[in-house]
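Labels A, B and C are assigned to the chains in the order they are written; within every chain, residues are numbered from 1.
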Amino acid sequence: MKYIDEYRDERIAHGLAAEIRQLITRPCVLMEICGGQTHTIMRYGLDELLPKEVELVHGPGCPVCVTPLETIDKAIELAVRPDVTLVSYGDMLRVPGSSSDLFRAKANGSDVRVVYSPLEALKIARSSPNRKVVFLAIGFETTAPANAMAVWQAHRESLTNFYMLASHVLVPPAIRLLLRSADNRVQGFIAPGHVCTVMGCQQYEELVSEFQVPIVVGGFEPVDLLEAILMLVRQLEQGQAKLENQYVRSVTRLGNVPAQEMLEKVFEVTDQKWRGIGLIPLSGLRLRPEFSQHDAEKIFGMAEIHVEEPIECISAQVLKGLKKPTDCSAFGTRCTPESPLGAPMVSAEGACAAYYRYRRHKALV
Amino acid sequence: MSEQVKTLSGFTCPVPLGSGERVLLGHGSGGKLSADLLQKIFLPAFENPILSRLDDQAILSVNGSRLAFTTDSFVVKPLVFPGGDIGSLAVHGTVNDLAMGGAKPLFLSAAFILEEGLPFETLRTVVDSFRKAAFDAGVDVVTGDTKVVEKGCCDGMFINTSGIGIVENGVRLSADQARPDDRIIVSGSIAEHGIAILAQREGLSFESSVQSDSAPLHTLVAAMLQTGAEIRCLRDPTRGGLSSTLNEIAARSSVGMVLEERAIPIREEVRGACEMLGLDPLYVANEGKLVAIVAPGDAEKLLHAMLRHPLGQNAHIMGTVISEDPGLVVMRTTLGTTRIVDMLSGDQLPRIC
Amino acid sequence: MCLAIPGKVLEISESSGLRTGRVNFGGIVSQACLDYVPGVEVGDYVIVHVGFAISKVDREEAERTYQALESMGMLEGELPPATAEDPEKLS
């Protein structure tokens, strides 16, 4: 597959790893922000190729993991209504809410459907005018434009039975929070390549300026990540702190302007709770008032609820890169992909699930 | 940084949610949840040494002959898909379970559960397909049953087939027979059936030329047995994919396995679909492939016999059985690093993330 | 987050008022909305996430940077291997 296979080339990967080994003189702590990047690291065992001086910690870049418990509970509450068809991306189905999850709601007879694209949710609404179709719209800046288009279309077509339960999260405020905390150990970041494809690089340039920390925008294939790590190591060794773009085949400095314009039209920035972390000001997106008639929270009169995470789950510290999944007392025993305690174990991108599936036996050895 | 919030009643205890008190779709997916259901409910109820072997078929000694007996139910949706339908699938599935025991399939039963309102035309299509598949496989449908349930109580049609075959003396295939140094052979490219089915489902619409690989494997098995190769075990990796099957064998035989990612055959379109949906092909269903665990000295001989058969043309030696880490299946990636190939928990869902 | 893969645009049309392309991902063809990549033509490669093209692959940039990567791959044989201090890292 073009633009994929070349970036999985074994010789290039080993070449990059060798170059990193050559260059590095002292330990460093790097964070890849995006869950998709975590997945690649685990699935291709990239940490096996890196010198031991490079410590990779995994960031909070999994929108599934950080979707608030309350959102899941609200989605289930809606799904249970006999007149509602709850439509969702596949990832969300197994994420535990307070006492259930969407998969279980489906087992109990609720009309819950999986789609690959929000346009499919629109199709369902068009073909079932008697059903109230609620789309659980989650994601980072990468997915927000697609979700926005769905509402935009629904509005244009006066598709009155299409609603959105939205829970979007923005990356830069989370990174800022991390960089401001006293216990931050991360010295360099691999920025999420697809988020930057949409949003461009400026927000990350600002972070570099503010915190004097190297940031490289990275892609998602093994070669992309190794190259991004090389670029970070090079900066650290030379005492530099700048924004570099590794993922040049997709990311430009300004990003995707039409997509950004749509986000402006449909959403507004709001405070957002991140599961396992807490409230981060101005880190989420909600529907603008013009789209109230498609806003599930408003139309269905959903009460504000607050939920606490199970005590044993240390997802907050894992998501901030302070602890590894293997540091958790419940990892692999009480918390497994079949019976997850917290979101990072549920999502395939979650650090805990990735560790569990790909690396577990090293931890037990 | 976290706010102090009021607790919502129901979740103060750190005990995991577990699978709860109801059957989930995941329990039928062929992975860990399915195994769980077997262990918790069915095995304790039907305890006997033959069942406990958990092979794809039961080998029974009756008056000096060895019969293979198996049953399987088919609930696929949609009923008709590229490369087959529930009818042909119902024949192939059971014929294959018999064949994995080294048996020559002889007789099938066919029990149909039909949904009220099912068009006769659909039923005719399926029955005709069933008839043709049985004929081509050389098996006779000797007994059957039909029930009708109310609208909404089954997806158009469910079929159960049970099969009987005869096993030649000296053939002893079982999942607990794998030994360190044995080779693992796959008969052809993986993940086709699962993707063919997925391509038809609402919400995942893409044009696809991927056909289900549904096929009867007994003549391939016969050709393999004829080589005289020391085959330990044969399994067809259906639900849960290649990974579940290999994990089961590794567990039953108390051995480890190392797979070579490069050696696992997969077609371009199938790989493209998996990439697009974020699915791992190792966990996607097959309906016309088998894995064979064979003694190292006979691996090449067996492979060549398979390559000469129409259903084994893309066969590959894809791994080795080892003594370390019993029950663990790992894979050497295309980068030369190692990853675990774990058993699937429930159904693999397409992801955006 | 953000599973998105590159595919080649085979055909462009309109569907429900949206500019839509048939995109080929290594043999699998799927529809993708092209409204966010207005300059895209048939034959271009796009990166698609949840049925939406979010960027057009910059082939020149990709070619240029890939050449640098390839030469790195060829050098690999010339650099000293990982030392005995980190035996785990030997592949």
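A few remarks follow.
One rule holds for everything that comes next: a residue touches a chain if its C-beta (ideal position, glycine included) is under 8 Å from a C-beta of that chain, and two chains touch if they have at least 3 such contacts.
Treat the numbers as computed from the prediction; the structure is a model and nothing was measured.
Farthest chain from chain C (centres taken as the mean of C-alpha atoms): B. Taking B-C and A-B together, the chain pair joined by more C-beta contacts is A-B. Chain centres here are Cα means. That of chain A falls 20 Å from that of chain C. In terms of their C-alpha centroids, the spacing between chain A and chain B amounts to 33 Å.
Among the residues of chain A, those in touch with two or more other chains are 1, 4, 13-14, 35-36, 48-49, 62-64, 89, 116, 120, 139, 143, 349. Shared contact sites, meaning residues of chain C that touch two or more other chains, fall at 1-3, 5, 25-26, 49-50, 91.
Shared interface positions of chain B, i.e. residues touching 2 or more other chains, are given as 205, 268, 271-272, 275, 278, 335-337, 351-353.
Residues 205-210, 267-269, 271-273, 275-276, 278, 335-337, 351-353 of chain B are the ones touching chain C in the complex. Those residues of chain A lying in contact with chain C across their complex are 1-4, 6, 9, 11-16, 18-19, 21-22, 34-36, 48-52, 61-64, 89, 116-120, 122, 139-140, 142-143, 145-146, 149, 153, 156-157, 192-195, 197-198, 220, 223, 227, 248-252, 256, 258-259, 262, 349.
Those residues of chain C lying in contact with chain B across their complex are 1-3, 5, 22, 25-31, 48-50, 91. Interface of chain C with chain A (complex): residues 1-6, 8, 16-18, 25-26, 33, 35-38, 45, 47, 49-52, 54-55, 57-59, 61-62, 65-66, 69-70, 72-76, 79, 81-82, 86, 88-89, 91. Interface residues of chain B facing chain A in the complex, by the touch rule stated above, are 1-3, 5-8, 10-20, 22-26, 32-33, 36, 202-205, 268, 271-272, 275, 277-278, 325, 328, 330, 333-340, 342, 345-346, 349-353.
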